[in-house]
Each structure stands twice: as C-alpha cells, then as structure tokens.
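Can you keep this structure in mind? I'll have questions shortly.
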Amino acid sequence: MKPRIEASLWGRDFGNPLMLASGTCGYGTELLEAGLLGDAAALVTKATTARPREGNAPPRIADTRFGLLNSIGLANPGAEQVVESLLPEMAFAPCAVIVNVAGETLEEYRRVVGILERSEVHVGYEINVSCPNVSAGGMAFGTDPACVAEITRLVRSSTGRPFSVKLTPNGGDIVEAAKMAEGEGADAVTVCNTFLGMKLDWRTGRPVLSRGAGGYSSPALLPLVTARVWQVASAVGIPVIASGGVWWGEDVLELRAAGASMVQLGTAVLRRPSRISEILLEMRTLLEGS
Amino acid sequence: MKDRDCRVESCSFECPGICRIGFSCPALVEEAGPGQFVMVEVSDGPLPAARRPFTLSSVSKSKGIFEIVFEVKGPGTSSLASSAPGRSCRVMGPLGRGYETSADRWLLVGGGLGAAGFPFLAASVRSARVLLGASCSDALVRTGGEAEYATEDGSAGRRGLVTDLLDGLDLASFDAIAVCGPTPMMKAVVEAVPDDLRPRVQVSLESRMGCGWGACGGCAIPASAGGYLKCCVDGPVVTAQAVDWSRMGGGLV
Amino acid sequence: MKPRIEASLWGRDFGNPLMLASGTCGYGTELLEAGLLGDAAALVTKATTARPREGNAPPRIADTRFGLLNSIGLANPGAEQVVESLLPEMAFAPCAVIVNVAGETLEEYRRVVGILERSEVHVGYEINVSCPNVSAGGMAFGTDPACVAEITRLVRSSTGRPFSVKLTPNGGDIVEAAKMAEGEGADAVTVCNTFLGMKLDWRTGRPVLSRGAGGYSSPALLPLVTARVWQVASAVGIPVIASGGVWWGEDVLELRAAGASMVQLGTAVLRRPSRISEILLEMRTLLEGS
Amino acid sequence: MKDRDCRVESCSFECPGICRIGFSCPALVEEAGPGQFVMVEVSDGPLPAARRPFTLSSVSKSKGIFEIVFEVKGPGTSSLASSAPGRSCRVMGPLGRGYETSADRWLLVGGGLGAAGFPFLAASVRSARVLLGASCSDALVRTGGEAEYATEDGSAGRRGLVTDLLDGLDLASFDAIAVCGPTPMMKAVVEAVPDDLRPRVQVSLESRMGCGWGACGGCAIPASAGGYLKCCVDGPVVTAQAVDWSRMGGGLV
C-alpha cells in the first residue's frame, strides 16, 4: 500500500490517522477549549469505570532519562458523571470521541458500557484490558486470552457501537489475544498499552512510584510497538490501532506501514499538545518529498 | 492552555546551585498572577519526556519579562541552567490557581526554593512581611524586598528553622499567610498557626507532574475532603485546610 | 541491603557484579587479547548450538534512533569447535567464563551441554530459552512454562555445574517461567533477553532486517528490565542476573537494588568495551559519595 | 582492538553533502594500512547505540593525522559533519583486513564514496591508475592524484558508468585491481574482469556493523565457500572470489 495521510475507521473517513491516546488527553475538554482538537481524527477519553475512582497514592509520575513512568490507577469520575457532564461538553468537538472503558471485574465492563450507552456523543469504545496500574483487573485480564474473549463477548452484547480492545504487551500472547477479540466481535484492536516499568532509588532501595511498578512510555519503544502491530496486523482482519512511541511524523508513517489503520499519540500530547498539528505537517512534508 | 516559544533574556547563578532565568513573553506576563506556574520544555526533541514546572518568581509587565528561580537538581534543571541568552524554549502558562490576593496584610513564610514565587506575590499585595528558612546562607533565595532569615547552620539570620521565626509573632495581625517550601516545613508552619487562623493560610504545593494542564492525573495531592486534588489545576496554591496533611508523607508526591 | 560493589554467584566472590552479556563479546578472545577482561567478573559466550550455525541472512543489524536491533540468528561454530579451540583460548582469562547454550529442540540442549562438559574452562552455563531471532526454539520455548521446566530438567540431569536460565520478556509470564526454572533445579535466572522489535522503511513498507523483527536493546529499556528483575527476585530464591539497558554505573546499582545479584552489559560493550572499567569507576564514585 | 580519543583537527565539506574530517592520532596512523577502517563514536552518551564505520581515506605519518571522507546520510554522519576542530571523538582502529599491497601495478575502480579509501591505497603502492564513477561531478570524491571519470549525467568525464571506463583497457596489464563502491557496481566490475584475472581483484565491502571488532556477528557477507564472512574481521577487503555475489542482493547487507 502506498503511504498516505488519509485514514478510515469503522466506516468513517478521516483526513489523517491521528488519535489522542487514553489517559493523556483527559476527556478532551481542556484541548477543546484551547482549540487544539481540530487536527485530530479522534480522541480516546481517560479510562472510565462504573463508580468514581480516586486513583493510586502519589507519587504517580516518574520521569526517567528516556521516558515516563505513570501509575495513575484509573482515577476517573465514574460513568454516570462522564455521561452527565463530561461527554456533553464534547458534543460539538471537531473530532470523534471514543470512551476508554475499564473494570475490576468482567461484569463491570458490561455495566460501564450500559451506563455510557445513554450518551450520544461518543462514536464507540476502547475496551481497556491492559492497565498496568491496578491490582484487580487491568493487565491481568489482557494476558489471559479467555478473559479477553469473555470481556469482548460481554461488551459486544451491550452495544451496537463499534469498539476496539486495547491489548497489553506485558505477558501472554498478544497475537492470540487479538484473535480472541476478533473472534468475539471486536471491531478493532489497539496495540498496545504501556509497558510495565520501574524506577528505584538505589540509595534507599525504594521504588519512586508508590505502587512500585508503573506503565512506561518512551519514544524509544517505537520498535517494540512496530513489531507488535506488524504481528497482530498479519494475524487478524479487523483494523489495528497503533499506540506507543510516536513523536515524529515519520513514526506514524512507519506504524502504518506495519499495518496500523490509525495511530495514537499519548505522551507526546502530554508533553506538547501542538505535536498533533506538527506531526501532521511533518507527514505532509515527508509524503510530498517522497 | 497557552503554549509559546519564549526567548531566554538572561541566565545567571543567583548563588551556587541556584539559577535565575528571565524569559521574554509579554502575552504570558499579561495573564499571569502570583503563585501560578509554567511548564518549560527542556529540549526540542521528545526527551526528557516531561516538561519541568516552575513557579513564576517575578514579572515585569513593562518589559514583558518573567523570571524563574530554581535549584539545579537533575538533567532538566542542569540543561536549563546552561541556557545562553537567545535560546528559545517552549513554555506553557500561566498555569494553575495562584494566590487569592484580595487580603491586605500578608505574612510570607518560605523554605528553600519555596520562596521562589515570593517576589511576584509580595509585589502584588499591599504589605508583606517575609520569613525565609534555608539550610545555609547560600541556599537562601533573594526575594527582592526585606526579609527575616533562619538558617540551620546559622550562617545568615537566626540559627534554626523558619518556624522559629514565628515565635512571638502576632499571627492574627495578618489577613493572609502564604506558605511554600518542603512538605515537612509546610506541615510545621500550618500546625503552628492557631486553628481559628487556619482559613487564612494558603499553601503552594509541589508534585510530580505529567502534563501541568489537567489531562493526566499525575499530580495528585491528598485532599481533606477525601480523594485527591490535582496540583496543576486545583492548585498549586490551595488553602491549608484543603490538604489532608496526614496523607502527605514527608516528601514529594 | 546497603548498596555495594562486591558480588557473589554460585559460591564465588567477585570484586564487582559486572558480567558481559551473551552475543556481545563473542567467546571473549578479542577482549582477552586487548586486555579488557580484567575488570569483569564473568563473561557469557555467544549462544552455542550442537552443530555450527551460519545465522540469518543479512541485514542483521539496524540502528534505530534510540537503540539497536539485531537478528544474528545464533551464528556460532558449534559445540565441538567451541570445546576444541575457543574455550582453550580462554583457559587463563582473568574472569569466569559461562557458556550460553541454545537449541532448536529440547533434546538439543542436552546434547550441547553433553559436548561442552568435556571442557574444564567454563564455570557454568546460561541456558538460552529466549532468542528472538530464530524460528525453531528460542523465544517460543521461553514463553511456555512447561518447556522452560523441561529444558531445565534436561540440563540439570546433564551437568553438575551451576547454570542460569535466560528468560524472555516477549510473552508468557516471566515470573511463572522463573519459578519453573527454580523448581527444576536451575541455579539462577537471567532477566532478560532482548525485546522483540522492528524497524520498517515506510517508503517501501519493508522491514530493514531480513527476518522482519529482531531483538531490540536500548538504554531506554532499563525501567522495563528493572521491573522484571524486581518481580522475579520477589518470587524466587535463586539469584537473579539482570540483563538489559545498562550504560551507567548508576544503572547497575539500580538493578541490584531491584534484586539482581549480578548485572550484564551487552550493547554497551559492543559500542565501547572500556565501559566495563568506566562503569566500575562510576559505581565506586557514587558509592563513595553516598 | 585499540580505542582512543582522537582530536578533530579539521572538518570541511569537500562538496555538497560530502564531508572530510582530519583526526589527530599518531599511534593509530602508525599501525594503519590502506583498506582498513575505523569505528567512530558519534556521541559520548549511549545513543546512537552503534558506532559508525569509515574507511581510512588518507594518512599523514609525519603529522600523525588520518582523514575520513563521508557522505552525510543520517543522524550519525550529520552529527559528525558538524564537528568543530578540537572536538574529541572515541575512535577504534585501525580495524579489519585492508588491501594486500605487494603487487606493483594497480587499477583502482571506485563508485561514489567507494573511492574514499583510494588516496591511502594509491599512496601505498608503486603505481595506480584510478577510475571513478559517480552520479554527477558533485558526488565525485577527490582522490588526490590523477583519475579518469564517468558520471551518469555527464557533468564530469565520460557520460555513463564506471564500468564503461573499463572498455578497451588491458586489464591483464595490472597486477592488482581494487574495487569499492555500491554492491551493483562492484558486481558489474567483477563480472567485467575475465575469469583468469579474477584472483587479482580485491573488493572492499560494506555492511551494517554492530561492533566492528568481531564480537557480534552483525556484519555478515555471503561467502562463496558457503555461510558468511565477517566484514569487520575477515574484511572489509577480500578477494572478489571469496564473495558469493549471487547472494549479495542489491543493497546494503
């Protein structure tokens, strides 16, 4: 396939493949207010659970030399609040809104989607079976293909909207998990959530994050994500949404060459929201020059 | 959230290990209030992955310049400290909630670099008495106006902690008390203030930050109402009563 | 435990914990000749198989912005040749020699160790169940706990020398695999081999390495390795040997704080052999200053 | 394997995109032979993760200086090309097997940057006739002495490929033929040499390298004897017959 900027997902055509990754753009309200969403195709909200979650004890963030560790722990106001006050704020956003859904139990996924169905704002879901920062659910679900299948089945039975299952690179077999999601009716898979990482203070022997390990993101992880996107895209027929390691326009083109339909920006947007339009410009320049 | 390229106008060491940088950015200065902060990009590439937060130390509306004062700690601050005038840095700000400045008579209590924001605050209120603590005279941040000092080694002002300077002060004579410094110091000051005066205390908090603009939830501060505040949007300045000091621990959150 | 430089493994005391990682120091002969082994505690040879292996078609190396991809494919002269000509050259090396063993079948591991037992030069083995660059064996063994157990059992029955099982971060459950190795009598586990990674030319859509994906190493992976070392060290009683992401002396101290007995240097030594002594110096300076 | 800090003495652009750097290192120069290469560290930190290999282009024993000439391609070469005199780089070398120089009368056939090593070679042998090919005159590497040119756009010498310059040459009048350039060009030259003269042909190969000193096995070159040669220790200069040209592909290995 010839490299290009246009992209499509779930029957929608987009001018570009850029999505804002879950947890790095809140519910989009800040970026909307700042007028920075115009160049994104879609944004994925912070993970939403059935009830409000406080999140983990601080410290939740550690900057390492080459990347960022986070341990937010799915802090969010809960599905009711999201439906009542946050999604309505995004009703006229210039990009598509996708809600990221998490749960501590299999059943919770169904409940969250059930509540969220009351809103008309979002076009679909990203089902998070891969959060490295919670003790119940999260990553533990994602490493077990049977759990991935069961969660996909539950979500499929709860909504007619399209959804992607966001997979973990931290154990299990990501290709197997993607096949399970496809088999049970998922409309895409997101490859992948953050990598489990840790920073310690060697003087005290103590981890910097309160929970010990956290989710690690870094531009240096691009080759790891590229390999997993390539493996998964070769194995399933549903679209693959790439997530991880993007900073330059070139990275987006590389992930698409590996088989990704859409490409997410996470840490890059936290660091510099204007990367959305800068990356787009870089892609245009590269494609004109090629 | 505004993000702009700001030119480094000046960069010099205030004292060993403490650097002062002046950035030119009239638009930012126009919007800024005391206690607000900026997120500074230390490099143009993707690393370090996070920006570094700094309190607005002083602003000159006429020149369109704002200053930050910081301690050189790790890679981010050392790179910044080696900036030559002319360097351009991406700076987001002003961010967060600053001091509520309607009060008249202020007491400013600062520990170490906590005093960085006091010049801006002092210049924004009717009257300010400043108490500063540090480990030694070299670590005392100059705040411009007059100040009383306490140093742990006695090399400047009184030997002891900044809380010692509170002894004998009539705290009730101040309409507002601003406190900024390391967590244990802020805790001690807050405890030294009688219960009935607590509502007058505003503390300026620090926390590790992912974004600085409310998106990541990385900057949690234990709230007295349960759960957490977001330091970057609910703070960094909050009333002392909004914080659950028992869950604050001794260090950086 | 207070941070320190001294280390011990398998009843041997070493002045420091530095080991040279498999595949990044050949069989040690070049470094020995250059007089650069004096500061290392031990070196691990290139993976050795029963018969000579040519390795993969080139390109086998790709430098990415933030790391190195390799796809050597276990090229080695075979166990007989190693015993006859390479190990004898290392008989008087100033550091301990450990032979890294790989196989395409479970049975091959036993054969390789059987042949190598004829040499007195090496003090033990590192059993490689984690090579990302071969289609048969390698990583596929490492992601299956039953395979890890079986290979450990076969090796245990073939030698009285101590050995470490080198695990993969690319799928499966690394803690489970470590427990299996411990259960079947391994004397240590090495955490971990390279991460599966890939680089593509977006203009052509083709991977740079001939085999597509390869093993990725980068200083940016240190937090990933630290987390895995911590998890494994909390779960097993045998020593954990850390491998991955080390460039500075501080990194070694951090990995030891995470629970590693010894720490390997791979890509750092390829890039600059004198890192061995430079890192040692950095560690000394840090410990004196602390 | 010797690894030393070498001082950049000079750094300038030979022509657009082609840079020449002179390093001072008497000890390295003393040991070096034509066709050998060096591995240069582009930064002092861990990235980029691999060094960059360059042929020794020329050496001055009296000044203790060696030069490399290279095309600016990616991050490594662009960083090097911006070196100011005085910069210190870690350089390993001389590495690998160079030309076997006992022969008297040499024909040197180079394509593009393949000619980078010819000045050193030409200076080390009794007589050398030099044929150079490039896309255009700007991309022709100066080799010091006399040379005949072929350029694809005709902007210097003959319009065409370097192999065209072989037409009508009495190859048997040379005791040795050195070939260096892109793989398709080397293939073409080797094929243009009659079978009986092939043993006189020495080719200088390129490959992606992890270490440069034999440890990693990254630099595999398909060998006519089956399996692979290690470009860094078995080469980079080998006899044309040692290479399995059918497995060489069209590009970089």
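Order of writing sets the chain letters: A, B, C and D. Residues in each chain are counted from 1.
One rule holds in what follows: contacts are C-beta pairs under 8 Å (C-beta built on N, C-alpha and C of every residue); 3 or more make two chains touch, one makes a residue touch a chain.
Note that the structure is a prediction, hence the values are computed from the model and not measured.
The chains that touch both subunit C and subunit D are none; no such chain exists.
Touch-path distance (fewest steps) from subunit A to subunit D is 2. Annotation: 58 Å between the Cα-based centres of subunit B and subunit D.
Centre to centre, using the average C-alpha position, subunit A and subunit B are separated by 34 Å.
For this pair, subunit B with subunit C, the centres built from the Cα atoms lie 47 Å apart.
As a whole-number value, the distance joining the C-alpha centres of subunit A and subunit C reads 33 Å.
Residues of subunit A in contact with at least two other chains: 64-67, 218-219.
Taken as a graph of touching chains, this assembly is arranged as a line, each chain contacting the next along an open chain of partners.
Chains touching one another, given as pairs, are A-B, A-C, C-D.
Interface residues of subunit A facing subunit C in the complex, by the touch rule stated above, are 1, 3, 64-67, 69, 143, 171-174, 195-203, 205, 207, 212-213, 216, 218-224, 226-228, 230-231, 250, 253-254, 256-258, 290.
For subunit A in complex with subunit B, the residues that touch the partner chain are 23-26, 30-31, 33-34, 46, 54-68, 70, 72, 75, 217-219, 247, 267-274. For subunit B in complex with subunit A, the residues that touch the partner chain are 1-3, 41, 45-51, 75-76, 90, 207-211, 213-222, 226-228, 247, 252-253.
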